[in-house]
Every structure is written in C-alpha cells, then in structure tokens.
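The structures considered in this document are given below.
One chain, chain A, links the two complexes that follow: it is found with chain B in the first and with chain C in the second.
Take a look at the complex of A and B:
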C-alpha cells in the first residue's frame, strides 16, 4: 500500500510540479508578486475536489468518453495559455514591465488547470480508502512521501532556473515552456485517440527499448516534454506543429522587442 | 475554467475531429468486455483481433475507483466504483500488451493478446 501510494502521488505531483516551478521561476525573473501562485493553488485544489466528485457523471457524458474529452480540453487550454505566457515573458524581459495583469491572470489559470488535472486523480485515489478497513496510516505516509519527493524535484528545478544568469534563464525557460507546451498537445491527442475522436494509427516508432515510459527517466521526460515511446505519425506532426508555433511566436516577439528597445535606446542617447 | 468555455472548446474540438475522421471510423467496432472484481481483472487475458480497432468496456464491480492503465497500449482511464468505462484500443500489431490497475498494481494485472 505504502509503495503504491508513493508512486501514484509522486507521478501526479511531478507532472504538475515541473510546470509550476518553471512558471514560478519566471515570476521570480520578472519580480512578480507571488499572490497569483497562491490563488492558483487554492483554485486548483478546490477544482480537484469538485472534478473528483463529479467524475462519474463526467465519464458517462459523450457516450462514455467525457473524461477523455474534458482532460484533452484542459491540456489544450494549458497550451493556449502558454502561447500567451511565454511571449509576454519575452516582452517583459526586453522592454520592461508591461501586460503584467494579463500575464499574472494567464499564469494563474494555467497553474490552477494543471493542479486540477493532477490533483483530481490524487483526490480520487485517496478517497477510495474511505471504504477500506485498513488503517489510513500507510497510505497517508506514502502520499506524504510521494508529494515530498515530487515537490523537492520541483524545488530543485526552480532553484536551478533562478540561479542562472538572467539571460540564460530566459532562454532555458522559453525552451522548457515550448517543449512542455508541445507535450500538453501530445497528451491531448493521445486522449482523443483513446476516445475514438481522432483516428488511431500504427505507431511510427517504438523507443521504449531506449527509454521505457514506465521508467524513472521516462516518467520525468513525460512530465517535462510529454514523452511518448510509441507515437503515431499524426501525433508527431501535431507535436512538431505545436512546438513550431510556440518557437516562431517567441522568435517574432524577441525580434520585435529588441527593435523597440534599440529605437528607445537610440532616442535616449540623443 | 467555466463550464461554458469548456463546452466551447469541446465543440471546437468536435468539429476539428470530425473533419479529420475517416468515414469508416463511424462504423461499429468489435466489442470486448473486462470486469474488475476484488481488484482483479476478469478475464486477465483477452484475445482481440490484430490490426483492428476494438471497443473495450471495463466494468468496475468494486466499490473503489480504479485506473485502467497501460504503457504499451498508451491508455489511461479512471473508472469510479460501480461504473463502466469505454476505452478504444488498437489497431494493434500481433503481440502481447500488458495492462494494470494503477490503484492496485499488485493484484490488478492483465494483458491483451492481439492475433
């Protein structure tokens, strides 16, 4: 019981914690007040409980694939929010404090959504022990251990990012957000294939010999970039397109912001 | 996220998905059933036709929730106590595909055999 609950909680916490630590590091880089983060956590936790309690009804919707559709919608929502968040990071980095309200709001919703998605699974898993005659202690100890390890990895990740020189921190954060965004879309396509809303295909390759999805490396890569050992050609195309969209958007923003800054610097020099 | 916006996204996805679906996708799929009882899968081995998409219905007869999960099949779905879940799998090439119940992995183990 103990080990099972360590693994389950660790997996879920890790998936959310990595995105959380990237956005927190970003918030630090831009000297944003942390209020948005606490609101996001509270909203995500409340959402987890509500989602968990309604899951039976959600699952039955849309001919029994409501769970897949809602989860896919949540993943796509996070992707769209990241498309707003990452370019605004670049804007704030180059030309000072702008659109900070929109940025905070987008980060709040993104983190709340990520917490809701993973937190609801934790809630459902733990709520099962209401029926259990066994003492809670093993399960709870395991859950605390799992959460502890997961958040520690997130904290480590956060301090790695925050400890970098500003310029490199910006680059690394943008690359991580781009890959994480691609991973969100990839997971959404996976769910839509499972729901039979997207066509299933024979996998394009099988890299599980190199990195098995169930392994520790596989789980980390899944949490970070949405690693998939056996993607279909459709998924590879969608992943590439999502990553390319984000990368292009970031490069355009950077080009534009640098130009604004140069013009401003020149006019100030005169 | 509000319910209204959620439905909007779902509807948008529906349109996008329908545009992409081949016409055959709407045809009936072979249906297979598995039960979860006492944190065990019955049957624990299920033979399905290879290279065919099938509809798997998993009945959870336990009062506790379970998560049907398989890395090999790329499937993951929570099934609340007393509920049934529909999971589409395949088309699979010939071989064995293990699956397990994530909430009770010590006992809830099984495999799909595609042939």
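Take a look at the complex of A and C:
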C-alpha cells in the first residue's frame, strides 16, 4: 500500500507544488505582497474538502462522468488564468507596476483552483481508507513520504527560480508557465477521453522505455509539462496548439512592451 | 530572500527530506524484493519436502491444519496424491515449473509448481500474497517510520543551529544599530567569523574614511576662519585709517558707504569668530577644564561686558535668582552666555525686556534667558540648533544680522557639560525662553567624559 500511496500523493502534491513555486517565484520577481498566496491556499484547501464531501453528487452528474468533466473544467480554467497571468508578468517586468490588482486576483484564483484540484484528489484518496480494513500506517506513511518529496521538490525548485539572475528569471518563468499551461490542457484532454467526450485513439508513440510514468522523473515531468508516455495524435495536436497560443501571446506582449519602453525612453531622453 | 534563517531551514530540510525519503522508498522496494525472494525460497523448500514424502495413489490424502499454506501433490498420471484441506481437488495452476500468482478460494495466492524428476511427482505449494505482503510491509515500515518521525526533530535542530550560526551577524547588526550618529569609532574585530570579516573590515574602512573627511572639513573651516582673522584685522585698520583721512577733507557728513563697510566688516569678523568658537567647542576636541564656579556670578560678568549693546537699544536687562555653584568650564560657559545674550539682544525689539535667571534645582543648575522678541514656532525647535539654520530661512529679517551658528555653539557647550536645552514660550507672554539645565558636577556624574545625547 505504501508504494501506491507514495505515487498517488506525490503526483498530486508535486503538480500543485511546482505550479505554486513558479507563481511564488514570479511574485518575488515582481515584489508582490504575499497575501494573495495565503488566501488562495486557504480557499483551495476549503474547496478540496467541500469537493470531497460532495463527491457522490458530482460523480453522478452528467451520466456518471461528472467528476472527470469537473476536473477537466478546473484544468482548463487554470490554463485560461495562466494565459492572463503570463502576459501580465511580461507587462509588469518591462513597464513597471501595472494591472497589479488583476494579476494578483488571477494568481489567487489559479493557485486556489490548483490546490482545489489536487487537494480534492488527496482528500478523496485518503478518506477512502477511513473505513477500509487495510492498515492505516502503510497508507499514511506512504502519503507522508509522497507529500514530503513533493513539497521538498517544490521548495527547492522555488529557491532555484528565486536565486536566478533577474534578467534570466523572466525567460525561465515564461517557459515554465508555457509548459505548465500545456500540461494543464493535456490533462484536461485525458480526462475528457476518459469521459468519452473526446475519441480514444491508438497511441502515437510509447516512450515508457525512456521515462516510465511511474518513476520519480516521470512524475516530475508529468507535473511540470504533463508528460505522458503514450499520447494520442489528438492529444499531441491539442498540446502543441495550447503551448503555441501561450508562446505567441507572450512574444506579442514582449514585442509590444519593448516598443512602449523604447518610446518612453526616447521621449524621456528628449 | 527575506530571511537567511528561514531560507536555510527550508532549503536544508527540503534537501534532507528529499534525499531521506527517496532513499527510504528505494530501501522499501529493495527490502520488499528481498522478502519476496525469501518467501519464494520457503515455498520451494516446502515443495521439495512434500515431493519426498510417501503417498499412496489409491486415495488422495487430505491434510488438515496447514496454517496459511495450501499444497497439492500429483502423480505422473495427473492423479491427486495429497492435498491440504484448503486446496481445491483440481490443479491450482497449470503444471509448469516456476512461480505465479493465481486466484482461488476467494484470495490471491503465490504458487510454486515443482516437478520432482526422481519420483515424477508434481508438487504445487501456495501461500496467500496478502500475507507475505503484510508481513514484509510491517517489517519495512518499522524502518521507514523513524525517518519520518526524525524529520521534525531535524527541523527543530536545524532551526537552532542556523540561529546559532547567524549569531555573529546579529551581533554585528546590534553593534551597528547601537552606534550613535557621531560615533565613527571602528567596530570591534574580535571573534568575527571569516565570512563576516570582509564586511567588518570594509565598514571600518568606511568609518575611518568618513571620520577623516569630517576631520578635514572641521579643520578646513577652523583653519580658514583662523587665516581670515589677519586680513580682517588689516581691513579694519585700513577702514579706520580711511575714516581718519576722509575727516581731513571736512565733508558735510561722513559717507554712507563707509558706515555700511564698517558694519559689514564687523559682521564678517563676528562670523569668523563664531566659526572658530564652533570648532573649538566641538565636544570631541575641546580640552575642558572643569572648575568650581558660580553661574550667577559669571552671568553678571557677561551681562556687564555686553551691557552697552542692551543700553544701545534701550532694552531692560535683569539678572534674577541666586547663587548657582557648579563645576564647569569657565571659558565654554562664557561663550554660551555670550551667545544666548547676543541672540536675546538681537531679536528683542528696542525697549524690550530680557531676564536672565539662575537657580539650583536638585542636582542641576538651571540657567534661563527670557526675552520679549518674536519667539520661535514650536515646529522649528528641533532645527534651530543646525549649523547656519536661521528661523524663517530666506525671509529672515535683514535688519537682524547673525551667523546662524550661535545656537549650534550653545548646543556644543551644553553637550560638553551633559546639559539639556529646553526651548519654550517666554514668561513675558511673547518671546522665547531658553533653559539650560547643567549637572552641578559633570565630572563626577560622567567620570569617562562620555558625551550623551
């Protein structure tokens, strides 16, 4: 039981922790106050418990695929919020403090949604064992090991990002946000395939020999970029499209902001 | 990074957690694999033991009470020779040499099928998978749990160790915080750890440079003032001569410019004298000589000396109070009195009043000067002691000449004597009241001659 617990909890905690680390590092880069983060954590935690309590009702909705659909909706919501957050990061980086209220709000909702999504899974998994005759200690130990590894990787990742020189931090954060956004959409498609809302297809390739999904590296890559060893062609297309959308949006914003700054610098020089 | 301590604790704890937990997982998997092999070997041993036992082919023998173990022994003609009570009469698994997991009797079993070439018997031995698993799980968990429990302890220890490691940084911060604005002495170097040594050294170098530049600035103004004295005296003599020469021409009246010139020279001489006084009375440099004297008496002498200035403007000056004995530097106190009286004389309008009062208040001797001048707004009380600061700034009444140094000098002398200065409204209703509260015996109160703010 221990290994299963470790893998399930690690997967969920790692996913949330990496996104949180990126957004926290971004907050640090822009000197935002941390209040938004605590509010988001509290809201996410409360949401997960509420989700777990209402699990039966949620699962029964939409002909028994309510849970998959709700999870997919949450993933897509995070993707859309990242589409707002990343360009605002670029705007704030180049032309000083602007739209900070919107940025803080978007980050709060994104973190709360991510915590809700992953926290509910953990809550559901652990509460399933409450009435099971299986010994608790193995499950709990596994959960603690998984959570410990997940949070540690998240904390070290955060310090790695924060320790980067400022000029490189923007590029790295944007790349990570883009990949994470792609991962969100990929997971959403997976859930929609499970719910039969999207067609199941033959996998395009199988890379589990290189990186197995169950390994620690596989878990890390899954959490960071939505790694899947056997993706279908449809998933690959959706992933590429969502990453391309984000990248394009970021490049356009950067080009626009640089132009504004140049114009401002020139007018100031005069 | 907001706090080095939090950063170190979180980063170290994360690293330890990551390394420990991943190795614990690795250990768990390795131990489980090892346990599996052990159980498999046991099954193999049991199988060879069973195949060596005699069995009759007439009627299959059913063995009761085999614990968790289930087994079957088959003859070469695939006839059941012997089985445990919990095993079915049909073959548990295909008769092929090796291990496999199969389901029967509502459980999952680990089955070992063995062919004995001596007697041509097939033996199958099975044990519930769950049993193995739970046993191994329990043993391995015992080794993982201490790692989990040790983590909070490690966190607490790291917190204290890091705190201890950062102590020298706190000490340095405290030393810097406790430094007074005018204290440019170097920071103590003893026991500074290697990592902080460059910080302490560069701070000390900076303090030394600052001290040198302050000293240069003080010296420059003092030297400049000193050097200016001679030419000013020469100009004074020349002006005096000029006045005499002009009087030979018997002009109807002496030229206005000459009077203005003389006034300007007086002002310049006064300014140079004040700059010199300011430098001389700097508490760090002044060679104070504390001697017993009576402030009341000293005030009388200074008033007598400056009486002409007050009489010239029709002002009434009055000395009240009684004997005020104290230990102080006579020269410095004379300068202090002169400056206070000079200010009162300048700012009090003609025919105004000035009162000087001395009294003893406990272990303090209080000097108080009240005038009927325009006074000073309360919000400016703090600023009037700044050098060259003049009330009203550019709108300072031109008629009143002054250097803007008088109160800075008074403050220097007060500091030298560890005295307090209080500004207030005058007892006459309008005007300023300056009170200087001197300790009766500063040398006794502060044996080190330490100055306090």
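General observations
Definition applied: the second predicted complex is superposed on the first by the 245 of 270 C-alpha atoms of A that agree within 3 Å, B and C clash if a C-alpha of one lies under 4 Å from a C-alpha of the other, contacts with A are read in each partner's own complex, and residues count from 1 in each chain.
We take it that a contact is a pair of C-beta atoms (placed from the backbone, for glycine too) under 8 Å apart; a residue touches a chain by one contact, two chains touch by 3 or more.
Model, not experiment: these values are computed from the prediction.
Using the contact criterion defined above for the overlaid structures, shared-chain residue A:216 touches chain C, although it does not reach chain B.
Of the two partner chains placed by superposition, only chain C is touched by A:145; chain B is not.
In the superposed model, A:137 makes contact with chain C only, not with chain B.
With both complexes placed on chain A, chain A has more residues touched by B than by the other of chain B and chain C.
Once the two complexes are laid over each other on the shared chain, residue contacts for A:90 go to neither chain B nor chain C. Looking at the shared chain after the overlay, A:25 reaches neither chain B nor chain C.
By the document's definition of touching, of the two partners only chain C reaches A:156; chain B does not. Applying the stated contact rule after C-alpha superposition, one finds that A:224 touches neither chain B nor chain C. Judged by the touch definition given at the top, the superposed model places A:8 against chain B, while chain C stays out of reach. Note for the complex: chain A touches chain C at residues 1-3, 6, 135, 137-138, 141, 144-145, 148-149, 151-153, 155-156, 159, 162, 216. Residues 1, 7, 10-11, 13-15, 17-18, 21-22, 24-25, 28-29, 134, 137-138, 140-141, 144-145, 148, 151 of chain C are the ones touching chain A in the complex.
Taken together, the chain A residues at the contact with chain B in this complex read 4, 8, 55-56, 59-60, 63-65, 67-70, 72-74, 76-77, 109, 113, 121, 124-125, 127-128, 131-132, 190, 192-202, 208, 212-214, 228-230.
Across the complex, chain A is touched by residues 1, 6, 9-10, 13-14, 17, 20-22, 25, 29, 53, 55, 63-65, 67, 71-72, 74-81, 83-88, 90-91, 93, 102-106 of chain B.
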